[in-house]
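Okay, got some structures for you below.
Look for chain A in each of the two complexes below; its partner is chain B in the first and chain C in the second.
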Partner chain A sequence: MIPFDFEYYKPSSVHMAVELFQLLQNQGKKPVYYAGGTEIITWARTNSIQPGAVINLNSIPECSVMGIQKDKLVIGACVTLSALSEANPFPLLSQTAQGVADQTARNKITLGGNICGKIYYREAVLPLLLANSRMIIAGIHGIREVSIHQVFLQQLRLENGEFLVQTFTDQYYLSLPFVHYKKRQIGNVGYPLVTVAALKQDNQIHTAYSGVCSFPFRSIEIDQVLNSSSIPLAARIEQAISKLPGSIIHNTEGSAPYRKFVLKQTMADTIHILERR
Partner chain B sequence: MSSYNSALYPVEMEINSEVQTIRIRAADILLYTLRDKFGLTGSKSGCDNGDCGSCTILVNRQPMKSCLMLTIEADGKQITTIEGLMNSQVQNIFAQHQAFQCGYCTPGFIMNCEGLRNVHPIADEETIRVWLESNICRCTSYEEIHHAVKDIFTPK
Partner chain C sequence: MIVARSLGNKEGVKIRQSIGKSIPRKETWEKVTGTTKYINDTSGEPGLLHAKIAISQHAHAKIKSIDSSDAMKIQGVKAIITGQNAPILTGSPLADRPPIAIDKVRYYGEPIALIVAEQEYIAEMAALQIKVEYELLPVVLSPSDALQKNAPLIHEHLAEYKRHEDVYPEPGTNIANRTKIRKGNMEEGWKNSDHTIEVEVTSPQSDHAAIEMRCCSAQVLPDGRVIIHSASQSPFVIRRAISQSFQIPLHKVIVHTPMVGGSFGGKSAIQMEFLAFLASRAVGGRAVNLVNSREVDMISSPVHIGLHAKIKLGCSLEGKMMAAEILHLYDGGAYSDRGAVMSRSGAVDCTGPYRIDNVHCDSLCMYTNKPYSTSFRGFGHPELTLAIERAMDLLATRVGMDPLEFRFFNAIGPGDTTPTQTLLDRSNLGDLPMCIAKLKTLIHWDELSLRETKGHLIKATGVCCFWKNSNTPTDAGAGAAILFNPDGSVNLLCGAVEIGQGTRTALTQLLAERLRMEERMINITMEVNTETDPYQWKTVASRSTFLVGNALLNAADDAIVQLKNIAAIVLQCSPEELDVGNGKVFIIDRPAVGIEIEKIAYGYKYPNGNTIGGQIIGRGSYAMRNLTLLDPETGEGNPGPEWTVGAQAVEVELNTREYTYKIIKAVTVIDAGKVINPQFARSQITGAMSMGLSFASREAFIFNDKGAILNPQFRTYKLIRYGEQPEYFVDFVETPHVEAPFGLRGIGEHGLIGMPAALANSLSIAAGVELNHLPLTPEMIWRTIYDSV
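Take a look at the complex of A and B:
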């Protein structure tokens, strides 16, 4: 059980949600926005967080949309990962989402929740980083649209009281050649040793990673090295590894040296597959 | 321990085809509301963390881990627990195949299979494999469970 009480609100508009947040915060209630809620419930159960109010975003229409609008794929933050995979508007995103948790859990986990979570892996963000998606963010000053690269730096950097409403992705990216690998220590469910998502665009391979460092990332430097076709692949990969943006995770899923070994193999597999497409 | 508001919230939901109303804490977890307030103890508490699947129920005909759902989220929804599937085809086929040992995980597996039938009435081998990964059997009855589920989806 959750060992403390909180207030619960389910606003039906973006504006109401933002106003509620401000009001509750001014009352000292430490509100949190809630979509799938799996991470919030898990942390609250262990008393690791104690929000005084929960604002459920699931009744806000903009947060539940999924479809093409003016050549862009729009996905609401409250769309579940299973709904996303089932509809399959962006195959790389569908496949990446299918690697998160398990099928039943994905009926609850949302795109926004996965991206905004505190867990290291947050793999659903990888295809959006590769597709240069735009993020629609709501806050007390209104709605802003920004490049994912401006706001996702190791984590989604929201201002106080803001929440992710939608993601926009140019239709162009949806059908590009791609690969997705999720390498685990064992089995088909669980956290990754290494997840690599990659798109091929204009004969260049773009890669994004989860499970390697304590945050998901895309690195232009790594992509530049991996695409240097005049250099032997093994040397490219060694150079790419030297450009990782953080230290390699060392935990129960895998040691840092093992992760590094798996990363190298996965990079090689990615390049081999996409170079032929 | 901080506790901001101990108000009770009204919730109305349809549980196993009966409309039920209850007043609950916003922080109440659906699994424990079903077990402790409605006496529906077929849904089991395993990991309490969304990993094992023993608490699986159907929410609007879709499998959901009730340990990861606030009761208040179920307001206005249709809930089915294992008690609502008494003598169902899925339950009978599990029994015929003896697809259990201790039986603790069995309600979760049956609920997941029922949900799979709702969503994919003609599920292929790969879909079955992916869906079954949501549940864990510590007695490792996976072989029998797999046979039962294949039987469920074999055209008769």
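Take a look at the complex of A and C:
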């Protein structure tokens, strides 16, 4: 039961959506964009958020596309994680998406929603970080295309009123050797203790992490250390961990020391598998 | 005048059998077509008002003031009720709980106000606008801390609380109940013990996690009748509790309970019903519905009890158990409710099903600043079994005996006495050695290596035994009525609640067996109505088929006498010459001669119109026999009619790199007395095993240091999921309990009881460290190994 009143809109174009946002914001209604709704409904039920208006993006055609356009994989922000895994255009992304929540929830959760959510795991972004994807972002001043590394720093840095429309990924990355590990407290469903996604490109391993710090990240320094094959693996991993971009989280899923233990194992497994491919 | 008819069957009446057949549930079609109506399915009715609970954000605090003026201003709000408006104390056996907090809050999630509004969301909106000024008090978050001399007191007026059953609170402390077991001579016991071990074992509070959230509606009619609809295991207790708490004549309180969507003990407590009644009373008696959100259901309504146990066991050189000293500190939470009785039950069966002549046990229900506890499948036994069975494994290792052999050697048997000094025989105990023997065969124990290593994977099997007595009140009882219809079918009326366990179908099988009638001729509704259905104590403690079963067999016998009496007149013979079966009353010596029940169900009409007799209505009742209260100093007494015993095993595969594990097999061999419906029995035991493994491996409320619960949602509160289940094996031993219908024993809870112990034992063997604390997450195993280095 959502204990407050809010307005609901379902615009059918990018332009209408951003205009609506501005209008509603000017009216003081604190609008939010809505894709799958799983987070919005959860936080609204517990009264942690009180948006006065909700703008559903699902009727915007650009947000629902999925396919190859000019050597690039285009995925609309409103494509659900289950649809993404089912179509499987980017196996690493499919696997990463498959690890989020459970099937019922993945039928609702969207790529854009997972990346832009408040819940800090945002696992679906990891493959896009590794594939140097480009983000198509709409705002009141039109549409901009920008490298993921410029806008995704811990979270997607959107300007006021902007939303993610699509992601573009170079086809080259789709078939690179990869691994994906998701380690949970227990069982096959739940938030990560550690999620690692990794790609091997030009004999170099690129890794990205969720569940370790309170944001997902890819770190050039960590990758450099992990690829220094002259150093023994255990030492590389110790060094990599000293270069984490934030403190290791401690929450109901697991303590920081245990996460560190799991992270080391998972890094070792990642390197072990990818070094041989 | 020829009235006797040939039944056209020279072989006579074939005697039907219903018991031992897996007939489908009576409610199957409703369920599979989605037409079953649960309580909240009627919440859309026009005119119905809705209530919501505002809950405390602190675990222990004085309420300095409550400001509900902003909430009251919201359009559609009809009434706001605080503890001051309802100055009563509820709870049984110890009345220690106000339905809405008065003066202070004792747990995070405790109701502080109740809002009634036109719509559910309006009530919820208003609940968020209740402003409370608190003065924080120090919190007590574990039963061991609660026992400390300088622990903050959670109940200052413990001495003044009314006591409904035998309960022994200790004013000036946080002890809500203490049960003592003093059996034999401890000095002697320790003197004869060549080996002793000591162990501390803990299990946390957790959720019942029924699919259906607790839900209740109440209405006060102009003539003063109170109508309650509740998803409950205890409709007749609701009637009594509402009557007593609000001084309403008992017969004016009418409780309806339709099909309940899972419960596991959690819906046996009376909680929501007080609130729904207060809500209706505050709005002039209008009908008010109250349903929990998942989060409120998890933390505000009562939870699964926790336990801190200290066990010391001793045995001789040969492995014969000599002495047990046990301290149970049950984590009852902020109010005692059934936690007090569970702590007693934890004393009664404290040794597990083993022969020990010298036993000293103190079993305490401790108050803590945590949600209060109520019955949970197993009623204190999964927790005590984890403790004693961890100790048994340690002692077996110390003696150097095979863990199953050690249990077999010490298994309790006829002629032995229990911790409460009840003398055992085959009927009241069943056959544990036979269960162990069957388990051994089933898991190929003799060929199994205790620990099998393959790379970084280690397979291990852990075992345990269990027993459970029902610990019912000494006067627990039930009634049953059998109404015959003119087509020869019958309507069975009884008060057992259908919570998914299949009781109401199983009861029709008992009746079909006794009346030698087809089950399809026996009608039973899935609703219980306290105004029209015979009494039943509560649907708990795996006792419904026993209590109602005995009542309905008496009712069936009563009906059979009536059928024979009228048939004797028609057939011109004496009733003793007659028997009933296959829809007929027939002459025993000449089975082909008889009369169809449909011809006499409403009386027999002669061809000339004269009629004799009238509707056949069988009535029967039953109450527990020969039970006694326990002696407060020694615990001596008879706590229940019988024990159900069994042996269980769990096989795991531990990954020693990550400490993750797979549960490969879970096995139960149980003495069921008599299996009524094999499919039901297996699914009850399998479901219970699944629940036990879920609880043991991952379920726990996580508290911060202020007592707030950090995981009140299924996003972060873990449950076992489909696909993670092991292979389940269930087998039965059948040693009849002579006082029970057809010899049956309770089996509804028992599959759960040993699962935590068997899992902990298997993982301890695999990991090579003692795992004595639930939940058994990989992190817990890692930490135990890491801490022990």
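Note that the second predicted complex is superposed on the first by the 277 of 277 C-alpha atoms of A that agree within 3 Å, B and C clash if a C-alpha of one lies under 4 Å from a C-alpha of the other, contacts with A are read in each partner's own complex, and residues count from 1 in each chain.
One rule holds in what follows: a residue touches a chain if its C-beta (ideal position, glycine included) is under 8 Å from a C-beta of that chain, and two chains touch if they have at least 3 such contacts.
Computed from a prediction, not measured in an experiment: that's the story for all the values here.
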Open item on the list: Once chain A of both complexes is superposed, is A:Glu7 in touch with chain B (first), chain C (second), both, or neither?
Closed with: first
- [ ] Figure out whether A:Lys29 sits in contact with chain B (first) or chain C (second), or with both, or with neither.
- [x] first
- [ ] Pick one for A:Tyr172: touches chain B only (first), chain C only (second), both, or neither.
- [x] neither
TODO: Mind working out whether A:Val54 is in touch with chain B, chain C, both or neither, as first, second, both or neither?
DONE: first
TODO: Pick one for A:Tyr191: touches chain B only (first), chain C only (second), both, or neither.
DONE: second
Open item on the list: For A:Ala44 in the superposed arrangement: first (chain B), second (chain C), both or neither?
Closed with: first
Open item on the list: Let me check the overlay on chain A: which residues of chain A are in contact with chain B and also with chain C?
Closed with: 1-4, 42, 45, 47, 102, 188-189
Task: Partner chain A, residues of chain C touching it in the complex - done: 120-121, 124-125, 127-128, 293, 295, 657-658, 660, 697-698, 702, 710-711, 713, 715-716, 718, 720-721, 723-724, 777-779, 782-783
- [ ] Under the touch definition given earlier, write down the residues of chain B that touch chain A in their complex.
- [x] 1-7, 9, 25-29, 32, 48-50, 53, 56, 62-65, 67-70, 72-73, 112, 115, 130-131, 133-135
- [ ] Please name which positions on chain A make contact with chain C in the complex.
- [x] 1-4, 42, 45-47, 102, 183, 185-191, 251-255, 258, 261-262, 265
TODO: Within their complex, state which residues of chain A touch chain B.
DONE: 1-8, 29, 37-38, 41-42, 44-45, 47, 50, 52-54, 56, 98, 101-105, 107-108, 188-189
